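There are structures below to look over.
Shared between the two complexes below is chain A, which has chain B as its partner in the first and chain C in the second.
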Partner chain A sequence: MSRNFSVDLTLIATHNNKNILKILETGRKIGFTYYDHEIAKTYEDSPIITPSQTLKKILNAAEFELEDGPTVFINCGDSNFGFLSFHDDNHLLKCSFWGMRPIIRKTFEENIVEIDFEFYIQLMLKLCHGFAIKHIELGEF
Partner chain B sequence: MSKSHFVEVKLGINYSENNMMNLLKKAENAGVIFYDHILGVRYEDSPTLNVDHALQKLIKNMQDCDADHSLFLEIPQKSYTHLWFYNNEGLLEFHLGSFVYLKEKHFEDSITQIDFEFYIDFALKIARDFGIQKLVADSID
Partner chain C sequence: MSLGHCISANLNLSCTRENLHQILNNAKKIGSSFFLTNIDELDPGNYKQINMDEAIEALYAGIPDPDMHVITLKHESIFINLSAIRHSDKTMTIMFTNFKYPWLLSSWEEYKLDISRYIKFFLELIGNYQILEMHIEKD
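Let's turn to the complex of A and B:
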């Protein structure tokens, strides 16, 4: 069974459209591409959408109250893909990056090859730059 | 009531004195100064320690149930932190906390908060060669 990882950031910022859009726009500036995935299409072949269209997609998805929260498929450069989710965490904005494919790995001390969490943490810090962090946590599922 | 902030990192290397030393050396290379705190003396006025003595102090304190298990460090940009080592399922975990001269920043929504990015960056800098299994940053009242 393949391992899945996540980086979850809860921000000291209200869960609202303005703040989500700001993060999506920062993502665009640092090289994120957002996809409008349609059923029966591969994610990568789906149409590319702007940050504003992505926000609209997220708001539409929110109406269905999906367990993983409103999610958008993204590319974050060099064929690195994943999902970005936005949750309401007690009225605070929680931003999660998960389902990374392929997983970026690195050879560490003692020749252990593992996920390079530093890459993903730095990516999330850049994405949410300008917002105060309440909580950050790594997940595996 | 003031908040207490912390960063916890579980590494992908065994809990051993050798690996504690490796981590302290990374910290030293990152510009950290180790202090030999003595009761009744201000932390910043305590004598400094080299990396060998810093490890000896930590080990000695960890063996003494009544002693504080932490080491007091100055990290670059004039901030201070305590460092603790723990054995988490056989792997080395370190905690940073009880920050002195807390780094704060002005964020969105006009709030001044701890600059967790600063402390996470420092934790990543000293942990990057060992593989990160877990990273949590949070605050408690």
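Let's turn to the complex of A and C:
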């Protein structure tokens, strides 16, 4: 069974279109690509969309309460894929990165090879640059 | 001014002198200096500066509290307390508390800590050790 991980940042910022778009645009500047995934297509073959189109996709997903929720499939860097989602956490904006593939790993003490959470934390800090942070959470599910 | 924030990380790392040395050495390499925490003194600038070996012993031996070994780091303009807590033979938590003369987000009208900058500093100290969990709390 494959392992799944997540990194969540709760920001001291309102969950609104302006703030989500700001994050999506920052993501574009640091090399994120957003995909308009449709059912029965592979994620990577889905059309690439702009930050504004991504925002609309997220809003539609939220409006119709789709199973995937307000989530978008992204590529960051050369070959790192994952999902980005935005939730309303007690009126604060919570930004989550999850389902990373392949998982960036590192060799730690005693030759333990495990997920490199530092890489993903740094990535999320870049993505949410300029926002005040309330909470960070690392998860495995 | 002190704010009731806490940044902590659980590490897959034994709480040994050798490993504490590595964490403090990571801090030293980026310009941090070490002070003996004195809870009776309001201004950390008046704390007694200590060297690396003394800082390791202060963290390891439990000054002032054997359950939470605290020293104070000075980095650039900020002071922050660093604690180490042993969980098991293999795991420990390191923690930042008592943010003084803090880094702030300058673009905000409200008074907000630049937590992102603190996390980056925290990651510098952790270096290549494996992070199991990370938390931010506010009193």
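Criterion: the second predicted complex is superposed on the first by the 137 of 141 C-alpha atoms of A that agree within 3 Å, B and C clash if a C-alpha of one lies under 4 Å from a C-alpha of the other, contacts with A are read in each partner's own complex, and residues count from 1 in each chain.
Convention: contacts are C-beta pairs under 8 Å (C-beta built on N, C-alpha and C of every residue); 3 or more make two chains touch, one makes a residue touch a chain.
Keep in mind that this is a model prediction, so the values were computed, not measured.
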Fit-or-clash call for chain B and chain C when the two complexes are aligned on chain A: clash
Touching partner for A:14 - first (chain B), second (chain C), both, neither: first
Contacts of A:125 with chain B and chain C, given as first, second, both or neither: both
Touched partner set for A:40, first chain B, second chain C, both or neither: neither
Contact residues common to both interfaces of chain A (with chain B and with chain C): 12, 106, 108-109, 112, 114, 117-118, 121-122, 125, 129-138
Residue ranges of chain A touching chain B (in the complex, touch as defined): 12-14, 19, 22, 106, 108-110, 112, 114, 117-118, 121-122, 125, 129-138
Chain C to chain A touching residues, read off their complex: 12-13, 105, 107-108, 112-116, 119-120, 123, 126, 128-136, 138
Contact footprint of chain C on chain A as seen in their complex: 12, 106, 108-109, 112, 114, 117-118, 121-122, 125, 128-138
Complex contact set, residues of chain B against chain A: 12-13, 22, 105, 107-109, 111, 113-114, 116-117, 120-121, 124, 127-139
